[in-house]
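There are structures below to look over.
The same chain A turns up in both complexes below, where it pairs with chain B and then with chain C.
Here is the complex of A and B:
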């Protein structure tokens, strides 16, 4: 924690603002239900009320408070994005490390498999898989993870190949050091910052991908993520010819943009810090 | 300075007046031009894939079936007031309602130039017995109603039916006639994807269908025997947002929500019609899968625990009416108002539940309105102790699941609420799926002897007043029993540009002008 605070202090002003914003959104996602006066799944006002003292962001067509929905949506968007990032980083770094360390035929097979996944058109395949598995948070996490690990695997492998060429690794291997010993003492510390960076970048991408799937109507209809709130708003017949878009479309849209931008900026900060470009 | 300002003001006023007069002239010119070039009108409508427009390959919903109707004619047709002669110029019913004698119009040609003969009609009724089409009006209680078709002479033929029945004239009259020379060798019509499968004798002929884009193109058939077409071609084009497409002139009609109807009310370039309340949503209970639903008290708890007026206000934005619990639409001429009514009364609903709690899954489509209705149901039923899990799938998957009875409770929306009240028998009085249309889905596991008896009796009653009495009684019984929950009937708006085309009409039993064949033809004044 101390390290994180020190690191934030040393960040650029934009980086600090991004950290602040992300922290605020995380707090929103954890304490969302305490921060909103109304439930996120029950009607608490009239249909399509404009923002007021009572309903800070107005209400949707069913009279559900939008601020409550945004707070709850933050939790769902965070669960999905962190879930995807964890799964993708786990699979990607595992494949990358094994591939880079073992080399030879294993490396060849794993990398050709990675290439195969990379060339698949992502969005159409995700739509098909999303429709096939059915809409639920768990399925969305799995579907998004299936396409998010490839870059991480390649980056990790590339870094590992560089590490493996170092003399101290060769010497350690010469003295009969095991994979576990080499990984824990020499590889982990160099790989971890890259994986953290990948984790953050994947989180940002997952938020956008989940919003896209939900926007296309393939999200879980009962778990209103920000993408799904946007989808419902856009589904309203002729919303742009009504004043409702000003709060109904704008709120989830701004929330998505703020979260994605803050994550991207933090990613940039990390890139600068570790002098590593993804 | 004042003088200069005065001169400028005068100039402005003169310019405005001339601009106004120009604009009036322009409007007149456009109007005259529009009237003059009526024969060249191309109507563009919002597209979507509703299947190939043959009687066997169209999707079972309205947008699929009514496209096919434009290509294929039937013995009779419908207008604002009732059934009218069409391929058959006249008809009479003999032998105590068992013989239908139709006199055919002369010189009817198929789109490929061949002449329509009574042989084609005989062939059609024989062929439909072997191969039921998607929209099949010729099956009653699971049995084919036509016993025999006899050709009397070149213009007369007799159709012998299995029994006297009040609904048979319409049933025989709306069967689409097939060309024998094309279909006689077709063994499996559901695999007959050739363009020949769209050759009919209707006012429009098939030109193009693009499944991926959901685009269709039909052109007026120049040798059509009947009323002249007012529209040269009808095109269904892909659009992402119908309102935007309408505003940009890409399509010619739209159904906007009441929130934006004001845009069109003020502008004389647009005309607005209110669609009839013959399209609606209902909640179907699968009592085979969840036997608890056989308990009338639980069904009544649903009826009192669902706020249907709230749905009308919030989902349909006021452009709807809460449906009658007797199913027949409140705008139907045979609607009985003196039946049990169920308003939103959560306390009463709780009493019916007697402290028990239940959990059900509602299967719904993934379009906005349906999910919103499901959400409202979930919210209100939660208060009375019924937990609802919403499962949303795409429309076609949901329709198939309802047909195959693979659901606990299904939320489905469809048309057909204005058709002959024999629909009550199809839904409540039989367990056979008589037609591919979602409007004829029966209620799995529901059985009520009295309802079945009256359902059967009403169609055999040829006296209109007596039949009406039975239908009224049926509605009373159905409302008391609550075998399903009719939610609401939409009364959406239909906006069009009258200067471009003003022929839109409603048949007496249908909710939407785009679907009506006569909307595109010259009408006698």
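Here is the complex of A and C:
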């Protein structure tokens, strides 16, 4: 915790602003149901009310409060993106570390496999998998992480290859140090900042990917994320000819942009700090 | 050299087989089978097959054979160009795809031209004024733009230019039910509909082109001959365009092919925003109606296009830059 505070203090003004925004959205996602007066899944007013004191962001076609939906959507985005980032970083760093440490044929096979997954067109494949496995939060997390680990694996492998060339590793190996010993004493401290950075970047990417999937109607219909709100709004007949888009489309749109941009700014800030480009 | 190309190609052929395998096994790993799916139709039509009928259909579609033989048959069909039969559109999948693919390729190619041109130009300007005010402004604008997902930008364009200002049409690729008086009118109509999708699609790649061009320009602007050109008192645009940009263009050319690959994937979303009649919109319809043969067919075509683009990028990259040998 102390480290984080020191880090924020040393950040640039833009980084600080991004951090503030992200904290606000995280608070929204945790305390969303306390912060909104109305439920996010039941109608609580007339349909398509304009923003007012009562309904801060207005209501959608079923009369459900949009502010409550945005709060709930923040939670879903957070759950999905953190889930994806955890899974992807786990798989990716595992494959990267094994590949870089072992080298030889194992490295070759793992890297060819990684190349193959990288070449696959992401969005169409996600659509196919999403369509066949059916929409649920769990499936979306799995499908998204299937595509997010590749970059992490490559980066950790590249880093590990440079570490493995160091003399102290060679000497340690010469003394008969086991993988576990070398990993804990020499590798972990060097690889951890990179994985943290990857984690943050993957979170941002996962939010975009989830929003895209649910915008196409492949999101979990029982848990309304921001993309799904957009999807509903765009499917509404005459959304272009009525003023409803001013709150119905704009609020999830702004929410997505703010979250994605603030995460990417924080990622950039970290990149500058560790002097490391992805 | 040709040995090198062969080596690269082998990797891509394996990827292609990998994709076909995915395509083949996904529906077969699903719980249940297609006839149970069809039996309990979601749209209210209740169709149930008896056991004998199921047996008959399974035999008809070759689903009672062992997986290995099914797989071989599937690959044979795909290589013949036979992608199956669409359930919703009652036509061969390959025919449907051919009728839609030009729309997608059209906006993809135009978007690449836009993003390549403006990205490179702004990158060059930015590099020339390195660390100046102009550079900082352009750089930070691009940093933010490249993080915002393109379909969000497309939505903003849609609501601002099409719905609010009413300059461009809201959706579709052409005016429905219109008899054109001349082919010129036809073409202008299609262009009019294609502007917003192509421009918003170009935002997927413009950031990459910008960064690439900026970095390679910064490298080149430090070379001696640029200093000479400056000392000779040549004007700015001549230095940027004739002396520097020409040499900085190499990495950009190779990037074009890679960008085509990403743009094809990105087009799926953009087309859906504008209801543009390309493959992406078709894919969404197919997903909506659970038309599995169509989904798989589109996926396969898109994957093949992306693979070919990546392969070309690899080869061109090695050809253009002899240092990479």
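To be clear about the criterion, the second predicted complex is superposed on the first by the 278 of 278 C-alpha atoms of A that agree within 3 Å, B and C clash if a C-alpha of one lies under 4 Å from a C-alpha of the other, contacts with A are read in each partner's own complex, and residues count from 1 in each chain.
Here is the rule we use: a contact is a pair of C-beta atoms (placed from the backbone, for glycine too) under 8 Å apart; a residue touches a chain by one contact, two chains touch by 3 or more.
Since the model is a prediction, treat every value here as computed from it, not as a measurement.
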{"item": "Fit-or-clash call for chain B and chain C when the two complexes are aligned on chain A", "value": "clash"}
{"item": "Which of chain B and chain C A:264 touches, first, second, both or neither", "value": "second"}
{"item": "Touching partner for A:222 - first (chain B), second (chain C), both, neither", "value": "first"}
{"item": "First (chain B), second (chain C), both or neither touched by A:122", "value": "second"}
{"item": "In the superposition, chain B vs chain C on chain A residues touched", "value": "C"}
{"item": "Which of chain B and chain C A:47 touches, first, second, both or neither", "value": "first"}
{"item": "First (chain B), second (chain C), both or neither touched by A:131", "value": "both"}
{"item": "Partner chain in contact with A:211 - chain B first, chain C second, else both or neither", "value": "second"}
{"item": "Partner chain(s) touched by A:61 [first = chain B, second = chain C, both, neither]", "value": "first"}
{"item": "Segment of chain B that clashes with chain C, given the candidates 256-264, 382-390 or 400-408", "value": "400-408"}
{"item": "Footprint overlap on chain A, where chain B in one structure and chain C in the other make contact", "value": "131, 217, 240-241"}
{"item": "Interface residues, chain C side, partner chain A - complex", "value": "11-12, 14-15, 18-19, 22-23, 26-27, 30, 143-144, 147-149, 151-152, 155-156, 158-159, 162-163, 170, 261, 264-266, 268-269, 272-273, 283-284, 287-288, 290, 292, 295-296, 298-299, 302-303, 306-307, 310"}
{"item": "Chain A to chain C touching residues, read off their complex", "value": "112, 115-116, 119-125, 127-132, 204, 208, 211-212, 215-218, 230, 234, 240-241, 245, 249, 253, 256-257, 260-261, 264, 268"}
{"item": "Residue ranges of chain B in contact with chain A within the complex", "value": "242-244, 255-257, 259-260, 263, 313-315, 317, 366-368, 371-372, 374-376, 379, 389-390, 392-394"}
{"item": "Of all residues in chain A, those that touch chain B in their complex", "value": "41-43, 47, 61-63, 131, 134-135, 217, 221-222, 232, 235-238, 240-242, 244"}
